[in-house]
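Two complexes, one shared chain (subunit A), two partners (subunit B, subunit C).
Presenting the complex of A and B:
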């Protein structure tokens, strides 16, 4: 019997490396938007803690760790990245499968802050934007979610349909930074 | 000529460059200006209007004379200031505004016609006849006037923009800027230091001043060494801060590879947006020229520029230099030149109490009144108070009328500087840009010691504001001479005395403006064009307004300045819009079927940011119409497949989801059964139709709304607005799931057969009737199935997670082909929906309401909704309003065009007689003719009426009949099949 083949959003585009920075696609995983109903924030947070090991994130924060993360994603909304969502969440929150809606890329390397400084109008220096910090912002002309996942690593998410533009814009910035040698 | 033992250029690294095709040698560290002066090239340009010979006037970014074009072809860069352009091996520069050559320029006859070409000449002369302006006068004037030219080719260079953040931005690295940066950095503040020169140090590199008993240049080098060793300091050379904006944001242009033979992947320029909690402006000052007859001759430059060429570049701009001054500062030019072994012909000082010369004569109480020389200066004439005139043989005149503090950035948010009579200059008014403090020369503090003190003090203030602990700093001793000056703006006398070298504006032009009642400084500027050239009046504004003040009998402070606007230096549009050239203009959105569609040869058309297939050409088809007709046939007769993923999909969940939808849609959704879909109409608050689409109820408190492709974003925004602002009482959450699902329309009599070949549980008309929806499993993948139709046929939309989109599209289309169908594109989709009278944003274009499109009964009377009350305003249901109708051709002309107008057959086709207009047309294979939708006044009552359709743009006139907008299967039996 025929079966449907899965393709990742950045299929055929990544990884690329320029200078000290590498851009790679994250493995496809479960993405779930979780938006607590009125007055249910604490219940949702408790369920998240029990089932997935992280609290519901405050604005501009990400909780959890690699493999099971909750990233603040806008007003009253978090993106659960990694685990298949616990069914109990639906009792207290609007839960929507977003596993295929977003392209997830990892930007890593010594100059990654300098690369993002070419595209993102937000202060992402480590002294200000620490591990566990996240922001919904703009990358060139795209709306994105950016989370610091390490000293020299960021998780960047944009609409799946814009994956090609995301890679193009990041790669252009990476080339410019690499050509300078230093930031 | 070079002066041995002087300058910061690297004499061990000679470089060859071309100017107007001639090869010259310079050294690494030279600018084009310094290298040309070292080669005794004096004349480098022709002026804007009169084509007069022009030389190098200054040594900084404000250069008034030496504008050149660098590079050729697509890389051609006009109006480059030779004083800023560093030389590199192979640099090729050309002079501008001359033909056929710089030395022999035909249009220099303009200079002879000067008596006729003064300010206002064009306005007065080229008034009549009116038609001549566009056809004759303007082209001729444009050809003869102007400076550099663009190549006309697409820019091939790479540009970049970037963002930076800091506690303290220090603008300028002269003594005050360095001192400020040191004080702030030592206290731990994050500091960005911007310097527009290629080396740090500002005036320290152009002077022989001492700081802390060492040379100012060495002190600066040590300061930079210390700063560069600190992690909290970012040093940005070749970076001009161009503007001050709200909330501590500054624009800055970095020249990244203008000085390189090969950019090697580096951008040409980077435009920075720097956000600083505090900023210190240490931009220095610009020396002002004095207006006298023929003061624009090559070889006449500012006194400080001569010192810069000597100390910074090891170049003497002349063999016998004369200084013309009204202040003590300029005497240093003579002293420094003599110390370096360059002959000084004399110092002409307007003051009778001028200091004595040290190895050169000083002509006190005299002023230069004329200059002579063919293409470069050969002598100057000067006049004593008693009228006696003397002459000096000289090939370089170093002039100084005092200094203008570079107040520009402090005025960028509509501030005005204030006049300080003690230094005869405008100085910054405090607090004009929040968080910005001016120090040193740009603040009117002209001694080195005062600059150091102010830099330190401002840094301490900034540190206090930032809440950082301050560390007391020793401010080193330095030159602290008083600034002695007697004002002099223009030397009286006959002939043309130039104020604005770039736009050829003279003292006489300014007086003429005053005489003709353009007495406001802003009017004078527009009348004379003074200050409107690339230097934006940096060299001429203050002198021009001083002349205006004199001519109008007012003081300088009463006359005031013109408005200072960003950018401080010219900024290329390419750098401001970096990354946005070509397709970088906007992100591209691709569906999961994009690759497969392109493989099938489909031309992709833009739908918002999305790309969608127009049609899928088959072998042997010559026109798009053939393809379109075939694809329409798939849907009407077999089965067609179309990617509809671009439609917006919004998950609406929560206990109040139904109530929320009842409020945003005109019709009722709380009553919709789970597992059913309903068409919905949405109004704006003013009652106009906003969008339409279907919404499915997937669960008791779970709906998924479909929007049109174009309105996906606006509808999402609208719903968020309603949720947050209008109905915060409702417990409902919204999230876009557009990108999660790859969704395909499967339409046609064989659609169910095609689907049943994929579905793990077969469907039939009973368990999946028209408007049913639910979860299905397709080839083992969980998806959603909606029985909805935009073609009037028995049709479905099947959705799977986007990762399977490519695979499902290929499977559906190949299986459809085996059943006599296949993929269809936007053209066929459009024809299918026009045949059914279904609307798109061509019809709901922002001016139509529910009544106009015949859907007023969809506005429920049982409830309120957004836009309902406003849609009930009497004028909005007037029968004479234009109503949706169908249109078909009945005469010999069968073509219909969208955008054309409808007229009564007996009326002439003029605007006043228009009865309506066409919105959508398509060729219907079903009827063998074009059909269309349009809006016609009282149209629903006029079915059967014959009219004229006139397209004035495309010259199409067709006789048409008005009909019901539903052409095909008006009973709707086919969708239920």
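Presenting the complex of A and C:
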């Protein structure tokens, strides 16, 4: 019988560093889409708080912290990142496992805002996009979720099938920013 | 052109997919008759001025949005979640 090996979406591609910015892959973990049924948002939020320690995020926001995060993921939907989902969530929400479907990378370093400014049509500067803020938008032509996880750190998620393109586009922008130098 | 998504805020037009006249929200009764259905399926106004379209926030939050805009000035006058518009009229 064939021996199957688990491969992460960016296996063999990351980490890379250019200038002050490092792009690395997040460790694979549980990813769960949680979509509350109509009118049950408060119940889902209560369950999330009890079971996983974070409320259901408002639009454009993420709750929780490293290791157990809930990221708003579109209208009426959040992605639970980290914990294995509590069974009680299924009572009030459509819950589906997405663990292998998304590539998760971390963009970190002093110039990371400048890198994203080359690729994303949304203002992600610290003054307007603070820690715990998130957006669903495009990176080049890819649909992504971008969350600020620190002063100089972003969590970027895209479809697993686009992992190589994501790395290529980010690395190209990183090289451009590094070549130009800060300021 | 920039469109304000009721959930995400002001975004570039490239994030949205144009769907068509917001008349799609007013689907006639199945027994409304051929004339009404013919009008609903085929006939559209082509106004020089204010128009109401459905747009889909394809690479954002995946909401359907009713956009009121002016075809002459390209002003976007109002945006609302299609679900809210539908609930308000039903």
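Simple rule for what comes next: the second predicted complex is superposed on the first by the 179 of 183 C-alpha atoms of A that agree within 3 Å, B and C clash if a C-alpha of one lies under 4 Å from a C-alpha of the other, contacts with A are read in each partner's own complex, and residues count from 1 in each chain.
The rule is simple: a residue touches a chain if its C-beta (ideal position, glycine included) is under 8 Å from a C-beta of that chain, and two chains touch if they have at least 3 such contacts.
Quick caveat: nothing in here was measured; it's all calculated off a predicted structure.
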item: Subunit B versus subunit C as contact partner of A:121, first or second or both or neither; value: both
item: Subunit A: partner with more touched residues, subunit B or subunit C; value: B
item: Partner chain(s) touched by A:47 [first = subunit B, second = subunit C, both, neither]; value: neither
item: Partner chain in contact with A:59 - subunit B first, subunit C second, else both or neither; value: second
item: Touched partner set for A:140, first subunit B, second subunit C, both or neither; value: first
item: Subunit B and subunit C contact sites that coincide on subunit A, given as residue numbers; value: 75, 121-122
item: Interfacial residue positions of subunit A with respect to subunit B in the complex; value: 1-9, 28, 33, 35, 37-38, 75-77, 93-102, 117-123, 125, 127-128, 140-142, 159-166, 169, 172-173, 175-176, 178-180
item: Residue ranges of subunit C touching subunit A (in the complex, touch as defined); value: 7-9, 11-12, 14-15, 58-63, 81
item: Of all residues in subunit A, those that touch subunit C in their complex; value: 59-60, 74-75, 121-122, 135-138, 143
item: Residue numbers on subunit B that touch subunit A, as the complex places them; value: 158, 160-165, 190, 256, 263-267, 270, 273, 275, 579-580, 584, 586-592, 609-610, 651, 653-655, 724, 731, 733, 735-742, 778-781, 800-808, 811
